[in-house]
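We call the chains A, B, C and D, going by the order they appear; numbering starts again at 1 in every chain.
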Amino acid sequence: MERDPLRTVVFSDAVIAIAITLLVLEIRVPQDAQDLLHGLITLWPSYLAYVVTFMLIGQIWANHHVMFDQIRRVDRVVLFLNTVLLMDIAFLPFAASVLAQAFHEGHGQRTAVVFHGLTFELAAILFNVIWEYARRNHRLLATTIDSAGARAISWRFRLALVWIATGILLGLLVPALGLAVIAAFIPFYWLPIQGEIARVKRRRDSGGQA
Amino acid sequence: MERDPLRTVVFSDAVIAIAITLLVLEIRVPQDAQDLLHGLITLWPSYLAYVVTFMLIGQIWANHHVMFDQIRRVDRVVLFLNTVLLMDIAFLPFAASVLAQAFHEGHGQRTAVVFHGLTFELAAILFNVIWEYARRNHRLLATTIDSAGARAISWRFRLALVWIATGILLGLLVPALGLAVIAAFIPFYWLPIQGEIARVKRRRDSGGQA
Amino acid sequence: MERDPLRTVVFSDAVIAIAITLLVLEIRVPQDAQDLLHGLITLWPSYLAYVVTFMLIGQIWANHHVMFDQIRRVDRVVLFLNTVLLMDIAFLPFAASVLAQAFHEGHGQRTAVVFHGLTFELAAILFNVIWEYARRNHRLLATTIDSAGARAISWRFRLALVWIATGILLGLLVPALGLAVIAAFIPFYWLPIQGEIARVKRRRDSGGQA
Amino acid sequence: MERDPLRTVVFSDAVIAIAITLLVLEIRVPQDAQDLLHGLITLWPSYLAYVVTFMLIGQIWANHHVMFDQIRRVDRVVLFLNTVLLMDIAFLPFAASVLAQAFHEGHGQRTAVVFHGLTFELAAILFNVIWEYARRNHRLLATTIDSAGARAISWRFRLALVWIATGILLGLLVPALGLAVIAAFIPFYWLPIQGEIARVKRRRDSGGQA
């Protein structure tokens, strides 16, 4: 059962798009607000969980494409691991909801930050496992990628693994700090500097035009 | 990381389609209605919020295509700004829900109209920022668009920015009026007159057949 | 603003797929059921509303393709009417929920059947309006369709209009009967006899192979 | 009304992707948890229902492609049966919710396991009916499939039918055992051994490269 990854990618995109859009359902209109403005302001933990989780799922989506752009065929193992990855991503609206509620109620933040972080860590682990499996089974990879390109992707996925793990560990000590570290992965990811490094690397590796 | 915008457009379309369809979940069946007809009628603020938000998201969808039809490549900046735009669009079911509840309960309308309007204003700002960024980085634009065509799109996006801002400011004074002004953007957008202007413009600009 | 209908069709398909799948969210697990089996059985009005609405949306989806298969270009008017049609379709999970609750509580069935029916009737009206508009603006139609083919589609859409209107009128007198008439459109639609008529017609009209 | 299955497959994929992602909405954040960690742990029946149902819908998705890869045309009967299949798949989030609640509350497990299993059994029945119908109407099948290939798919679909029926029957006696048997279909499906058998079979049947 080896096949073209197109349908797997389309299905994955759909699940990721739905999960990211369902995040908003966890934000409930304040019911008893005499003062609506005050009610909306007290929902800040929901907005925080929404923004952090939305942007991180956005990165997952982008990275999923970075990976599958280089995979030419999916076998049963990749299909299974990808299904587990989607199961983890689709679980994120619940993790975001747990996070929002803990910060709203003012207790349980440690548990919530770790729970939320672990859901992302599992995604990072699965990215690494899928990619290393594909690298070792060269017939699954596109012929256009060289080993420098493959190493660059490995490096990127390992960094996410370590970064989020660090956030979880710090969250065990100081919950808000752990969340801040995980959230800091968003600006890091989008910073032009990282894009520049990648562009330079790619140009050097492929000897020319990106 | 410059790439073909196809996947970004497909992903954006999916998020917009999901957000627009989730709007209905905010309308709840009246639970205690002895008289169901009366119960359904008292839900008018929910229908109003549904119709206004649905039609405006419909315009966002159409405009997103107008913009990305002219964008040939997306770089990291466009991808980031588009993710923030999607985060804002996916937030609209919550804003619609806030609007419906305020008009249902009869207080908080000022806050709700401004909150709902600001969510659309943020979308309008992001449209303008993405488009001006793309115009200044000509390699991102399709070669088929000339500067008159690019200016026409800029004009369209700036108009939305000003129109919604006007609605928000009026909403601070008279909430219902502010909402009416924002809602009036819907018939304006679909009026044949605007379509005629655009068609004439395009014909003049490209010298012929649309 | 005339354009290829592909994106409109893809967006419409997404909205219809989401609306049809959201129907299930209106079915709530019985919370206080000492006897779960009994609790599940008392949910029969929810299953009924689910099945009738799901199958009718399935027909709407199929008919949307029948119509847009013949439309070569969409102008601003078609785009506007289609957006209103999608707004109506996306509203159906709420109408189904109203229907389920009325039959569950044992009062308000008249209102609920009419409300549910009117939502479908509005869709039928919009199908007729879009199609007649497209027929009168021949440049919007595919060149492969002849006037017999166009008439066959008109006939099909008018039948739906009359059928559902009849169901609504009967529902004003006897709610269960009105619902039964509307539901009877499902087997009629899928009956091989109708397919046979259509196939014979098409073969006669195009003089050969389907 | 015979047509290319592409749109049917795309629509089916969308419904399956939405249903699988809606599963998470049935997991509710513990509201009264003084101890959030304890609250999250007591949700284990929800996680169990989530994982089992998610992975089984993943298999349904994969099998839907296995089947429609071999179907060249869909007629009205296939379209009708597929709509009923989608109606059953879209119902699964409710079945998962029933399962989670019964194990959470500690009573009604027998009913819940049977109810959940029957929803999957109906899907298995529909797969068998659609496939046998397509096999008997050879003009619907792709010309690239030979009778050995068609038999292999029949065998696969019949196995699912029997496996899930066995789980339901055992669930009538010992609920947890029945659920375990149904869940055991997941590792069986993804086990390399099965993939190996299929690959060998296909190679033998088509005399070469997969």
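Note that in this section a contact is a pair of C-beta atoms (placed from the backbone, for glycine too) under 8 Å apart; a residue touches a chain by one contact, two chains touch by 3 or more.
Note that the coordinates shown come from a computational prediction; the quantities given were computed from them, not determined experimentally.
Q: Touching chain A and chain D alike: which chains?
A: Expected: no chain.
Q: Same residues or different residues: which describes how chain B and chain C meet, taking over half shared numbers as same?
A: different
Q: Distance from the CA centroid of chain A to that of chain C, rounded to the nearest Å?
A: The computed centroid separation for chain A versus chain C comes out at 38 Å.
Q: Can you check how far apart chain A and chain B are, centre to centre, with Cα atoms defining each centre and the answer in Å?
A: 27
Q: Specify, in ascending order, the residues of chain D that touch 2 or more different other chains.
A: Residues 14, 18, 22, 25.
Q: Chain pairs that touch, all of them, please.
A: Taking the chains two at a time, the touching pairs are A-B, A-D, B-C, C-D.
Q: For chain B, which residues count as touching chain C in their complex?
A: These residues of chain B touch chain C: 13-14, 16-18, 20-25, 27, 29, 33-37, 40, 50-51, 54-55, 58, 61-62, 65, 190, 192, 195, 198-199, 210.
Q: Under the definition above, what is the set of chain D residues touching chain C in their complex?
A: Touch list, chain D to chain C: 1-2, 7, 10-11, 14-15, 18-19, 22, 25, 75-77, 79-80, 83, 86-87, 90-91, 93-94, 97-98, 101-102, 107-108, 111-112, 115.
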